[in-house]
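When the chains are written out, they are named A, B, C, D and E in that same order, and each has its own residue count from 1.
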Amino acid sequence: MPLDYRRFNGPEDSVSYKQFSTNFTRSYDELFKGLFDENGKRIDGREFTEARPLYTKTNVISQAKGSAYVELKNTKVVCSVFDPREIVGHQNEYSIYGQIYCEVKFAPFSCPRRRRGLAPDTDERALSANFKTAIQTAIQSTKFRNFQMDVFVYILEHDGACLAAAINAACLALTDAVVPMMDIFSARTAAVINNQIFVDPTEAEENLALMPTDNETNHGIITLTVIDHLRNITDLQQIGSIDADCLIKVIDILLEECAKLMPLFKDLIIDNVFEQYKEHQVYLSIKKQVNEELSNKVKEWTLIVKDK
Amino acid sequence: MPGPELLSSQGLRLDGRRPDELRRIRCKLGVFTQPDGSAYLEQGNTKVLAAVYGPHQAAKSKLSTEGVVVNCQYSMATFSTSERKNRPRGDRKSQEMSLHLRQALSAAIKTELYPRSQIDIYVEVLQADGGAYCASVNAATLALIDAGVPLKAYACACTSSVAWRGNHPEALLDVGHVEEAAGGVCLTVAALPSVDSIALLEMSHRLHMDYFEVVMSRAMQGCKDIEIILDKAVREHLAEGWTKPDVITI
Amino acid sequence: MAGMLLSNAERFYIWDGVEENFRSDGRSNKDYRPMELETDVVSSASGSARLRLANTDVLVCVKTEIDTPKSDKPGLGSIEFFVDCSANATPEFEGRGGEQLANRISNLLQRAYHSSQAFNLKQLCIFEGKQCWKLYVDILILECGGNLCDAVSLAVKAALFNTRIPFVKAALMDGGNIDLQLSDDPFDSKRLEVGTAPLLVTLCRMDEENIVDPTAEEETCIAVSIVVGVSGNPALYTSSEDTTPSDHKCTTISMSGNGGILPDAMKIVIAEGITAAKCLDEALGRTLLQERNRTNLQKKDSYGFLK
Amino acid sequence: MVEEDLKDFKLKPMKCELNFLNKSDGSAILAQGETVVLVSVNGPLDIKSTSQNMEKATLEVIFSSKGGKPTVSDRFKENVIRQTCETAIFGCLYPRTGITITIQELEDYGGLLPTTINCTCLALLNSGLAMRHVVAAVGCALDEAGNLIIDPTNDQIQTATATMYFVFDSREKNLVTGFSTGTFGEGVYDEALERCRAASDLVFNFYRDIVASYCNVIG
Amino acid sequence: MEEYKVLQPFKYFNDHISVNVRPDGRKFDQQRSIKLNANSVNTADASSLIKCGKTSVVCGISLELATPKAEEPDNGFLVTNVELLPLCSSKFKPGPPSDYAQVVNNTVNDILKNSKCIDLKDLCIVSDKLAWVLYCDIACLEYDGSIIDACLATLMTSLKTLSLPHVIYDIETEEIKVDVNIRHPLKVTGLPVATSFVIYQSPDSNVALMDPTSFEEEMCGGNGANLVVCWNQGLLCGIHKFGGATLGTDGHKKLLNVAKERSKTIEEVINTCIANETSE
């Protein structure tokens, strides 16, 4: 990477201190045992098919048109949506579909293993591309023709399933930004290690799922995005090597998990609408008051002018 | 002065060629279906692909009312040189080569026939074993002919260098990669041999004045020979263009 | 693909054709177009292959370099994919035009080859923790005639099959550095076990039908396409019978285009993808073995683009 | 603040030449001590519509250091100069136009930014752009012993615990721009402000002499 | 009201100032509400998040090891970078940092260097062999003015809560062993606090506004033209004034005192936040 002139750069040969700490270089089997507590459940006490609770809040960024903050226990993601503007970059003909520009960025301090650079590297660009295919299906881009809408995601802390968290945050941010969408969508991730399915994996489980091993069992990570309308799958990303029937089993489990998220999103959106409605009422009443004062002021002046 | 080892005692070069001998040129026109004209040319181990699109409507920015805009792009495949290049194009050298390519080819094309339009010429070097620029010009000429673009004459390019045998100099034609790397002088000529005019002349390193004439005439002679070879290939291509049997599978 | 203008009438013509399982060029939904494959086209590379799928033309070259392995994976070499869309294919690829497509394909390949069951990087290790081979797989796209992913994955597997890695003896000197002896005879080299390398199959959905190997025209009128990477069966790639045939596993799945797909339709797509990849694998294995026996290691006269 | 000890200093020798470049609307080369800066101003230009501003001229400053490689601190200097000139120039007289100020650092022996600001002001004077007020920059350093040195030389700056640069406008002698390095007390800051304000008169006189000497050439 | 602000921004702003109140109801030298919490991100070695008014900034520090530079063998590295993310406001575009972002970055770095609150010698483990590299990455999540104050506050909170793991370095074999559970806190002297002002040139007099919002910054000469005063335990450690309207000498003095009071309140906020962080 050529030296970045626009930022302050540390020494090139700097390497994370965790590398020299004792528990860094552990073999595959030790790590695999480390995933379970004594009675066979996952360390944080969850069942294999139990997902982490999803905490979320919308309208966290005042300047953005719509924004959302999603927390999957330790995975923290912020997403903001800006309203359409002219298409950036050269544009040779009128595009009948609105363009959607997506960018997913890891915070430099977000990954436990090593510090990520400030400039976007290849796998962040790949993540942005996957993220874009997942959300563009639900957005009716014919409504904002020849315009470009920006969706930015910033991952504060990465503890597994950050693509799924980003997609969920994007769905809530888009609803908060009142963007024309076909329906709400949600996403979930599952990891497969030694033929065992882990729903909503933590970073340690994800790292193990992608770690090269010599045993011939299924291993990999699958992220599924489902749109509520007819339960259509809008995006399916899979890495690792998994045979067909295990894959189908994972897809079914993920479909249920995504379905569980839908009511949660719906309640949240309905609460937001009520709040905005109340605010609007307050705003209208103030406006009425101001108009009244103005009108009786005008009456006074006409009186003064008349008797002059 | 480098060069004694370039010529053996019997006057043969490192790859066994005589000083005034071209490398084996093999070429084929109409290699691709989508571009208007395409050509593949092998000059020894230097392999080049050329494609021509156009003449088509020019981009607003580059529009010129009196003649056609020739837009060239020269890019070398990452595996073309023995040492892997990490960026195929966009560095200064390929931009310079594109400029030279445009200069040589716009001298050959009848530009005044297509005002306000544009011809795109793309060259991809698959394997570079010396003389990549000359192979590109020759391949581009064949691609232009395949595309039916009217040309004033064949644009051929050739390099020549000088080596020492005993005490008197010997001009070497069509310099290979090894001879280029040996640091000898390398004169590149892009010419229109039939109308005997020179489109581009470029020389690296230093050459004494009175040897210049020897090297220059050898290069011009090389261009004339190349023109004959290209002409033969074009006539062959057109002659058996429609009677050729279908592709024989192994 | 690029500059492909289709009127609505032509689209409906293609859609109706697909419904009756009889496409515009006479193929059924599950047929591939004729392919031409040739290996060892570039002499300066360790392994190369050129594949022509109707009018899609791809040239793949593998170059090897000695590199130090990453600290968290001491015993493994590394493989890197670089895709370059040459402007020969379409004027749009001039300059940085083809970068988005190139990134998409190289990401797909990087994910497909990620699992050790797809491509075992242990065979690239020279000396644990100190020296290993790094494979640069450079893919040059010369012409786009639709279905780029399949053509690229086939050409990559053929190029890796054709790759020759020279024997290297590594000895640990005192003071921790390594002394490498490279054998001088160029033909004294070993091949890579590339049997399990994955093949990408693009399945495109046109309302209810799935078609394989779309042409450029068909690609412009599909809603969603799913790329399935399926690992190969090593038995097909060695003449000796002792290698155990391993079943085909999915090494990567990715969707593109904006459209949704019903879950059970997705299951059918995955099954079809695996069967299509299986027969592609057999065809590739047969031709590569056939070519290797015929040329038995000498470099034959390469047709290249002269045919 | 006793009056006379305000005057007991002398500034580094300043040599300047106006209209140094013929291609630019206004240019100046200024040497303050050994620090030399060349500034060229290209007056109201036509710029592309997206970067035009309805009410006033858009100011663009390009600072290129001696080493040539762009660094983050160049952008900082550009911002300092742009903001100073923004207040000094009557932007509203040239709406929807662009003014570019190009600065080339030739020698840097301490006090680079004050010299750059003075040279920019001279170049603006030479370019004939309407200006509200003229700006003058003076630097001062606080050494270990605690006494203030006006317009310090290079080695005084290296050993100083704190350095302060102030830019004053010619009309009310108010502080237009200022920046400092190192730590210093509040009292020291006020005393430095007063003494630099006094010193700025010398710079303004220097401007008058320079412009006067060029008057017959222009006039 | 909203339409008035959009149609006639200058008049809207002037009406408010002439009545001695700011558009969001604050007085001229009143500070916006501050919410600060430490160690919100547990993958970073130290982190903190501040939300002052509508500006929220997160700072994360990651530690790395490297060989010190040849010319300064016993100095560690302190690398601070401020990122104005495209998601914090429509003013910032994706891609490499804009000029304004680099100016903010440079200002924060200068203040940190001037205040000398971190001695680079403490970061050196073995002279000329091994030293700590402190990557302080500051990301602005929400941009609503006075960004430099927020950045400095989070930076100081994170530095104060940072603790370095113990490193054993064997000279001969150049073996590095890091013991993660023995950690000793980093020595931080003093606490620089930056206060930014904006000077509004109203027709009759110039007024200084403390802790400006981005709308107020725009009204008084664009987002580069502000004045940053930072105090460090009673000593001034940097006054940066970038153009903009001028201020008389007495206005200047009043400014410094206001900044001093504010720096006291901010110090309290940081210390209380660290106190209940360590007590947890």
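The rule is simple: a residue touches a chain if its C-beta (ideal position, glycine included) is under 8 Å from a C-beta of that chain, and two chains touch if they have at least 3 such contacts.
None of the values given here were measured: they were computed from a predicted structure.
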So which chains count as neighbours of both chain C and chain E? A
Give the fewest steps needed to get from chain C to chain D, where each step moves from one chain to a chain it touches. 2
So which chain ends up closest to the centre of the protein, judged by Cα positions averaged per chain? A
Greatest separation from chain E - chain, by CA centre: B
Looking at C-alpha means, what's the farthest chain from chain A? B
For chain A versus chain B, what separation do you get between their C-alpha means, in angstrom? 53
Could you put a whole-Å number on the gap between the CA centroids of chain A and chain C? 32
What is the distance, in whole Å, between the centres of chain A and chain E, each centre taken as the mean of its C-alpha atoms? 28
For chain A, what residues touch not just one other chain but two or more? 6-8, 15
Please output the residue numbers of chain B that touch at least 2 other chains, ranges allowed. none
Each pair of chains that touches is included here, namely A-C, A-D, A-E, B-C, D-E
Touching residues of chain D toward chain E in the complex: what are they? 72-73, 75-76, 78-80, 82-87, 164, 169, 172, 174-186, 189-190, 193
Chain E contacts chain A in the complex at 41-45, 47, 54, 58, 60-67, 69, 77, 79-81, 83, 85-90, 93-94, 96-97, 102, 105, 109, 133, 135, 137, 139, 141-144, 165, 167, 176-180, 214
Across the complex, what residues on chain D touch chain A? 69-72, 75
Interface with chain D, chain E side, in the complex: residues 99-100, 102-103, 105-107, 110, 113-116, 221-222, 224-225, 232, 235-249, 252-253, 256
Give every residue of chain C touching chain B within the complex, in rising order. 36, 42-45, 48, 55, 57, 59, 61, 63, 65, 82, 84, 86-91, 94-96, 136, 138, 140, 142-145, 290-291, 294, 304-307
